[in-house]
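Chain naming follows the written order as A, B, C, D, E and F, and within any one chain the residues start at number 1.
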Amino acid sequence: MQSLVEKAEILIEALPYIRRFFGKTVVIKYGGHAMLEPPLRETFAKDVVLLKYVGLRPVIVHGGGPQIGAQLERLGKPGIFVDGLRVTDDETMEVVEMVLGGTVNREIVGMLQRAGGRAAGLTGCDGSLLRVERKLMKGQDIGRVGHVVEVDPSAMEAISESGFVPVIAPIGLDSSGLTYNVNADEAAGAIAVALGAEKLVLLTDVEGVLDADGNRVSELSRKGALKYIDEKIIQGGMIPKVECCLNVLANGVPRAHIIDGRVLHAVLLEIFTDDSGVGTVFTA
Amino acid sequence: MQSLVEKAEILIEALPYIRRFFGKTVVIKYGGHAMLEPPLRETFAKDVVLLKYVGLRPVIVHGGGPQIGAQLERLGKPGIFVDGLRVTDDETMEVVEMVLGGTVNREIVGMLQRAGGRAAGLTGCDGSLLRVERKLMKGQDIGRVGHVVEVDPSAMEAISESGFVPVIAPIGLDSSGLTYNVNADEAAGAIAVALGAEKLVLLTDVEGVLDADGNRVSELSRKGALKYIDEKIIQGGMIPKVECCLNVLANGVPRAHIIDGRVLHAVLLEIFTDDSGVGTVFTA
Amino acid sequence: MQSLVEKAEILIEALPYIRRFFGKTVVIKYGGHAMLEPPLRETFAKDVVLLKYVGLRPVIVHGGGPQIGAQLERLGKPGIFVDGLRVTDDETMEVVEMVLGGTVNREIVGMLQRAGGRAAGLTGCDGSLLRVERKLMKGQDIGRVGHVVEVDPSAMEAISESGFVPVIAPIGLDSSGLTYNVNADEAAGAIAVALGAEKLVLLTDVEGVLDADGNRVSELSRKGALKYIDEKIIQGGMIPKVECCLNVLANGVPRAHIIDGRVLHAVLLEIFTDDSGVGTVFTA
Amino acid sequence: MQSLVEKAEILIEALPYIRRFFGKTVVIKYGGHAMLEPPLRETFAKDVVLLKYVGLRPVIVHGGGPQIGAQLERLGKPGIFVDGLRVTDDETMEVVEMVLGGTVNREIVGMLQRAGGRAAGLTGCDGSLLRVERKLMKGQDIGRVGHVVEVDPSAMEAISESGFVPVIAPIGLDSSGLTYNVNADEAAGAIAVALGAEKLVLLTDVEGVLDADGNRVSELSRKGALKYIDEKIIQGGMIPKVECCLNVLANGVPRAHIIDGRVLHAVLLEIFTDDSGVGTVFTA
Amino acid sequence: MQSLVEKAEILIEALPYIRRFFGKTVVIKYGGHAMLEPPLRETFAKDVVLLKYVGLRPVIVHGGGPQIGAQLERLGKPGIFVDGLRVTDDETMEVVEMVLGGTVNREIVGMLQRAGGRAAGLTGCDGSLLRVERKLMKGQDIGRVGHVVEVDPSAMEAISESGFVPVIAPIGLDSSGLTYNVNADEAAGAIAVALGAEKLVLLTDVEGVLDADGNRVSELSRKGALKYIDEKIIQGGMIPKVECCLNVLANGVPRAHIIDGRVLHAVLLEIFTDDSGVGTVFTA
Amino acid sequence: MQSLVEKAEILIEALPYIRRFFGKTVVIKYGGHAMLEPPLRETFAKDVVLLKYVGLRPVIVHGGGPQIGAQLERLGKPGIFVDGLRVTDDETMEVVEMVLGGTVNREIVGMLQRAGGRAAGLTGCDGSLLRVERKLMKGQDIGRVGHVVEVDPSAMEAISESGFVPVIAPIGLDSSGLTYNVNADEAAGAIAVALGAEKLVLLTDVEGVLDADGNRVSELSRKGALKYIDEKIIQGGMIPKVECCLNVLANGVPRAHIIDGRVLHAVLLEIFTDDSGVGTVFTA
């Protein structure tokens, strides 16, 4: 009995967090190890379903780079990357659509449903969710890679209000109806802004932002983040993630997080403990 | 970090129970030690607020016998009891209304609000919630004691749908507008039936129903309960409580529970663990 | 038949007033003789029920000074008053809650229901209706007496929209959850402002404001009222009532009235005749 | 002041009637002197507007025989009647439509609006309100006279729910779209049945049904009414009116009334006094 | 089969127009030959019903000059005109009401219903739709002719939202409740403005605005139109029509059209072809 | 102009069909040539968008056999078929999901959007739309091929009510969360029954059902269809399609059609011409 009471007390400890986020939207970019390793996948699914039941409105935006790479390899077609962005010819884009829309999206929907939730998947093409333009990389065309110029959240909201967790594959449409690959962090940020989300959470495979001594920084202001980039303390693939966070803050989302998806229940811990606990939070 | 993950797993363990009871009404008769001792009061309040936030619809019906007795004593007017029912003359009834409607009800509302919830109190007179007739005890008039003949839940539902936990003092009105004291278990049962509740929970100061050997019985069928009464294994003040449970089952409430209010978080444990854990559950 | 036609014509005379106030909220401070004498109580109840049926939204805020005094006396605890405000120690506050919330509120709800209406009672603690701070009197602490700093009308509105007349006991909560006695005129004024009421009506035991010659003044502007206070034509207990009226006018309520509750059907006459008929009206 | 109190008491006397009919539909056939004489017209309009404001849903169905006759005469075209039903050739029907739909209906709408109400007129052709078939009179074709075979109340209800009193001219359409004159009593009865009205009121130029001694009968059962017809105590033009009342009773309308439209405020008196007061009520 | 495919393609050609006007209100002034000649009447009715079914919200405002004239003649009372406006004495006004409200309005409703639509007629008096003031013509009183000063669209909107096409007779009320004849173009314009219509369409008996060479001008700006009036290229009865169009543009209606009602399906062609096709369009 | 009028008349001809199907659901199985050949694809998309705009509720269920075959071939993995059903091992199922969910579904959504419509794609896994069990073929396990045992239409309906055309890929889930390939005809039939559709339309690559002489049969009763199967006039792949149609009729869908998808605008012609025009209609 004693242990039951302790469990009850842990539930009760969650109450202030549940109250704080009741009815709020949280957009989660899902990718990396958290998407590839079974125990992490399972706890992620349960975390999201729990959030939905206790009154938050989680929205999942997923990537799928490794799966796309594996399928391209299977087809004997290795990918080319420029600055972390895949060069996407038409044939590659076809594979991107198949893998993101056909395999990865379905798997995430399925795993949320096995965890007891209700979920439905969309790509950014459904209901013109993600309207994009062709993205140039240092002035060069890198194929069917788009950046988001407009979000129409109505299909996604219809699904969310009907009690489902929307799971979004980051494929966008340009004005001629051509499909484009979109960076999942960027898609998640654009959706967070369009939905007036309470927070954006980027699941990564790192501890968070590290300072010059290699220690995790639990909170960073805009100014601090820009200074770190300037001083090359933040570098490489972390730069666009940090910029994505700063961008959503500038557009009215109160908090953005880079958290460590390799930790079991990382999402739940981020929501249900104080901000200093997991990863790095960016604040305006 | 390890301990955080364990906490997260305890939250996740609650998920199946949250799903099962999502949107369901649970009527809780609140009384006894759980209402009198500060630590029990506080955990009860947190439990109820948590239930409300995670999507259940708790309704509290409270008693107040000890407080009424204390006030009568203060006024130099001791109560008379017949078969556990207070004989209620007009002067006593005035005290009942003051104490139940003016003191106890407000305290419970206040303690739910301090625990972070939103609550609003009503007596059974408000909006003709509890329509009663004078109750005879073994053919004898015991004063202004009523039994419920009709429930109009509309004011209570308006409050519940606006996000408040309704807290009900068991005072009823007869057709002439005269007020009556109503047994809180009976009031809770009548309200559970009127609301189509998922369960009725009676908080008591005992472990549950005990068998002939004095061990708690975790589950009892209607037939089993009647046999126990017949064999005098169930006796005294437990009989009307058991009858109240059997009565709500017969009127469509799926489960009724007699649980031990002296246990910290008794309500939460009842909802969030298997039925065998706390008290006795009655099933049709 | 002739007399029936005359009666019909009196009904028809009410038509312009019914149209003018259709769907409008009227907050009535109920107290004094009108609350104590049976024939006045009964006509008040009928007046309010009629107003509700013909499309107005009456809200009743009641006092209860004499009843509190009587109960304190019964308990051998006489009250102390400073400038018309009760000094309220913890024990007195307990009695205030019992009497206002448990006795007086229930009686008013009951009498409206006997008059054929639907009513439900709340105290200012329910749903955090009245948020207060401790009030100092000439710089001195007079105990648990609060002044209203915020009104959350949502529970009251839920009840009103469900067809009930809300009956409010003027007890408030501070930010720590402690309860306070609130002057009923002040509570009524704060509620009138929060609801965007069409008018505030204070039922009193005087004819209205009297001029220097002792004649009732049927209408007073803000300027006129301040002049009367300045010239001590208005004095004593009338000053806070007049200030309450001026305050609601300053906060957007179009009209505030001090009327004579000793007159049968005073409320109905105030609504259904021209303003000059009953008491004093204050206009911005 | 005394007289004001008496007036207030007369208002209060209306309360039980207001409660009884709150939200109920009352269909009133308007015609005869009540439609022709200015003082009666004016009190009728005020009565209807008052009913609307105090929560009833009045629907007016009007005739217009005298006005049609006058217009036919002006055009040098006298009408022909068979058993109280106008023989209606095409040219006559054109006049019927002009007068009922163009003159009488507008006048009634206008007079309700001058009395402070909101009203909107329709004919039975609007929204296919009255679907009719050609009526034969003793096997003979009497032209464009129809009997109602179906009522589509949706346009009328849209108007009523938007706060307007619907005013209906009794012109119907057959399945080919041809228009027909419909007896106003019959149209009112069919509409009362279609709306599930609480009562049908036929305004006439007589006191009510008279017994063999010429005294008004205040209440008649179906059986009693049939006996009176059989014994020729009821005869002539009163027979179809009585049959209309019996017909609506048989179709679920609880009460039907034949009342004396020559009495000032006849409608108000019928609703706001006991049934014995005005005309004859028919009960199932 | 080939011809069926061609028909399907014609349906598909309409798709962009259906999309553009989906859910938009179009106010059509209906009069002239289109109202008098059977084949034009029938195609007009079908056009309007089709518009309603494919998602537009057509509102019809009709005139009736010829029918009024015919009826006045039948009654031996010829009309007098000043600058195209009928001098309207009381007797004439009575005829106007009978003919517009009783005959013409019903006929249009009937013809829309025969074409398979649902329609309901109102005059500008119903629900105080058209509030007018007496109009002076060059400073002279020309009787009961009004110009619109306020529009209350609520009854009309209730009908429209219930799935009916509103058909409006241009009769207005002044503040005393007196009825007035209103020019149908003006009434249609005022209603278009009040409803926030997408376009106003005036059906006329001319090709459109003609230029100095007698050729139809397909599009005219405000400036161009004023120049034409100034240069007397637009003159006579066309001037008020053009001014009506310019007026609605100035009040937020994006487009106003003068089209040739003598062409079969003129309304459908105007909506479902490019603007240059039919009549003259005025743009801001 | 003449040709414009003819076009208008063709639009008007569609009116009775628009009225008949207004607000009705039509489930269309889309596949075969109509999905593979550009001109047919384009007209199909326009047809569906037009249906949506004129008030029908089209739902598209698509196959993708050829595309799956092509992808399997590309991956060097030829499919095996038993009785027209693909034997589906896990690797094949992965390809099925990628192609149906990732490629084909997106393409159809994209083509509807390019045609001016709003569309959103789901697979039968989203929101547990298609709950299936493993299907045995003549008692033999043919891998991950399922038959539908339950349909949860809520996500699909949320999308449809938000103005989107739902496009469904026929992949189902069993109770353990494993995905299965579902025959698209069968999925369409199950969805038609679950939505209470007005009709089911199967687009095929044949003219319809042919009689013994090879002539198309425009209408077949249940009895007639069973006789044709019995007499082997209907055989091979046509048998399950006919059985699918008979099955939906038996479950309350009024009409089921097998139509020739090789005809331009086949869907539009089926809806907007008489049933005898295109393919074979089955009626109960």
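List of remarks:
As a convention for this text, a contact is a pair of C-beta atoms (placed from the backbone, for glycine too) under 8 Å apart; a residue touches a chain by one contact, two chains touch by 3 or more.
Owing to the predicted nature of the structure, the values given are computational and were not obtained by experimental measurement.
Both chain B and chain E are touched by no common chain.
With chains reduced to the mean position of their C-alpha atoms, the one farthest from chain B is E. Taking each chain's centre as the mean of its CA atoms, D is the chain most distant from chain A. Annotation: 35 Å between the Cα-based centres of chain A and chain F.
Per-chain Cα centroids separate chain A from chain C by 56 Å.
With chains as nodes and touching pairs as edges, the resulting graph is a single ring in which every chain has exactly two contacts. On the side of chain E, the complex with chain D involves touching residues 71, 74-75, 94, 97-103, 105-106, 109-111, 113-114, 118-123, 125-128, 154-155, 157-159, 161-164, 171, 173, 177, 179. Chain contact summary for the complex, chain F toward chain E: residues 1, 4-5, 7-16, 18-19, 22, 43, 46-47, 49-50, 53-55, 115-116, 263-265, 268-269, 272-273, 277.
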